[in-house]
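Everything on this sheet refers to the single structure shown next.
All chains are identified by letter, namely A, B, C and D, in their written order; residue positions are counted from 1 within each chain.
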Amino acid sequence: MKKGINQMIILIHKPYKILPVSLLLFISSLHAQLPNDISYEEALKITLAAQKVAIDTNSTVNIAVVDAGANLKAFIRMDQSFLGSIDVAIKKAKTARYFNMPTGELGKLTQPGGAIYNIELSNGGLVTFPGGIPIKNKNGTIIGAIGVSGGTIEQDHYIATQAVKTILDE
Amino acid sequence: MKKGINQMIILIHKPYKILPVSLLLFISSLHAQLPNDISYEEALKITLAAQKVAIDTNSTVNIAVVDAGANLKAFIRMDQSFLGSIDVAIKKAKTARYFNMPTGELGKLTQPGGAIYNIELSNGGLVTFPGGIPIKNKNGTIIGAIGVSGGTIEQDHYIATQAVKTILDE
Amino acid sequence: MKKGINQMIILIHKPYKILPVSLLLFISSLHAQLPNDISYEEALKITLAAQKVAIDTNSTVNIAVVDAGANLKAFIRMDQSFLGSIDVAIKKAKTARYFNMPTGELGKLTQPGGAIYNIELSNGGLVTFPGGIPIKNKNGTIIGAIGVSGGTIEQDHYIATQAVKTILDE
Amino acid sequence: MKKGINQMIILIHKPYKILPVSLLLFISSLHAQLPNDISYEEALKITLAAQKVAIDTNSTVNIAVVDAGANLKAFIRMDQSFLGSIDVAIKKAKTARYFNMPTGELGKLTQPGGAIYNIELSNGGLVTFPGGIPIKNKNGTIIGAIGVSGGTIEQDHYIATQAVKTILDE
């Protein structure tokens, strides 16, 4: 730990600032995940990207990322965001992976009279309004999902949509 | 059934590989169930029949069978089927047995303004759209129920309907 | 598998009844799963093998198989087995995958004074006595887990241990 | 922090790649939290520091940070870490904040015959073995808690202890 700090101090006085996260992401990448499941590195990248979009759009949100098995992989809550959105964000991510579609699409089918009315009561509680999106890798395989909650549903959906693109860039 | 056993006995004296399941089903049948409750043999037969119909109709589904006490008896999840359909399939089967009717019939009564609006909130969560069907024996007695989830509600209902017929054949 | 298919084809041209499961397993195998997650075919094979061992050891048990994400993949309950063992079997399978070890091993650490006393209260309820075993593929990768409940803990553990070997045979 | 911001501004005008997180942390810091509650910036810093210590000690862990209200603030799961540790890490963090002490200290009182035997059954499930630690600010006020799960309890406790120090450095 000492050594890491020293290295960082040196770096701060050089023109290249190395943020600890960069180091972590690099080391983390040595633990290779199989191609059909999201890696920690990807989950963190998407989470931080979502937060950046949230700031850009003046939203304060909760952001959750689940893996291919719908298990929580990363989560952050921005200051001042709704406490009630913690669970909503996690449930949006899980719902998007449970049914491999944006939560808003599912919600169109769950209304009174809809094909799957009240499916929200299954799986310990689903959230079927916009803000959850499957995460796909470059091959188009679903490797996880993101859930965003705290802004308007339009903002939440936009943030989620933008964030998942970031792992396709490189 | 008598005929099937004879065929198996013949096969035992031939050099062809006997699938373990045949033997298992035979032996299993020695543990007699009460006539008003589904046997393991019947539950497995219905489950596998449902999967066959699913393949024939290009569906990937989760299939659950519960007994006369609405307790889980058999379950399978086809590869690539929705993770969220595990719980939905089980809840469809339970719901169909809880109220002795197809889940879709119940759903007509649970809409806003309906006679039993939001009954889905009882019993730890019900599912009231199509895909759950009571299982009856040859005497018409309800001995359990099946729940299918993962396709369209029409597919799920069709698969369930076809599968429950298979124990009436012999 | 190739051999088995040939045998089935031969049998199809004979007047002997072909059990649907053989055909289903064949067709199911066309839906390839990724190598780090259990396939439906493997889950069913292990489940039926466990039931066979249960019969051989005069046990009546519940058998659950979960996938790499700890989600239910297959389940059967033998006639006359304990109703209370449905949930125990499922929780044993989940626990074994949650912590990648036999449930009995975990249980040694959860006793009063143990390192992880009362961890059973996490994850919606764990079961930490014998009967749950991780399922590994030929490469030693954990691809799921099995949970068996209904016999003595020695029987449950034995059944689970024998069953998981069956997917390594071919 | 002021200095860091200046450096970042300089870097923006250089051709060196700026990691998004640096900008995010900067902007995030503009949303001031109350002095008695952990900020998002601090939560992320602690979480990433914990992961670094985990790597240094060859552990693969789940890390959760809760705020002063015991609500989830940040969470990450390292690749290959136990799925069962998601909930354990979160419950350790909550437990540490619920009772304002390290979880291991609480565990000494919850054994059979102990003063608060089986308190783990309250609050939807507590975890009372080591790995949860309150987070204090420079004034010694508890502003949240961290929970680490996935290594040995000694490793988990060490990682948590080291990580919470990082927000006292500046």
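One rule holds for everything that comes next: a contact is a pair of C-beta atoms (placed from the backbone, for glycine too) under 8 Å apart; a residue touches a chain by one contact, two chains touch by 3 or more.
Since the structure is predicted, the reported quantities are computational estimates derived from the model, not experimental observations.
Where touching is counted per the definition, the chains common to subunit A and subunit D are C. For the pair subunit B and subunit D, the distance between C-alpha centroids works out to 46 Å.
With centres set at the average Cα position, the gap from subunit A to subunit C is 32 Å. One inter-chain figure worth recording: subunit C and subunit D are separated by 36 Å, centre to centre, where each centre is the mean of the chain's CA atoms.
Among the residues of subunit A, those in touch with two or more other chains are 67, 69-71. Chain contacts in this assembly follow no simple pattern; the graph is neither a line, a ring, a star nor complete.
Residue ranges of subunit A in contact with subunit B, taken from their complex: 69-70, 95, 97-100, 112-113, 115-119, 121-124, 126. Interface of subunit D with subunit A (complex): residues 4, 7-8, 11, 14, 16, 19-24, 27-28, 31-33, 39-40, 43-44, 48-49, 51-53, 55-56, 60, 67, 69, 71-80, 83, 86, 162.
Interface of subunit D with subunit C (complex): residues 82-85, 87-88, 91, 107, 110-112, 118, 120-121, 125-129, 152-153.
Those residues of subunit A that touch subunit C in the complex are listed here as 34-37, 67-71.
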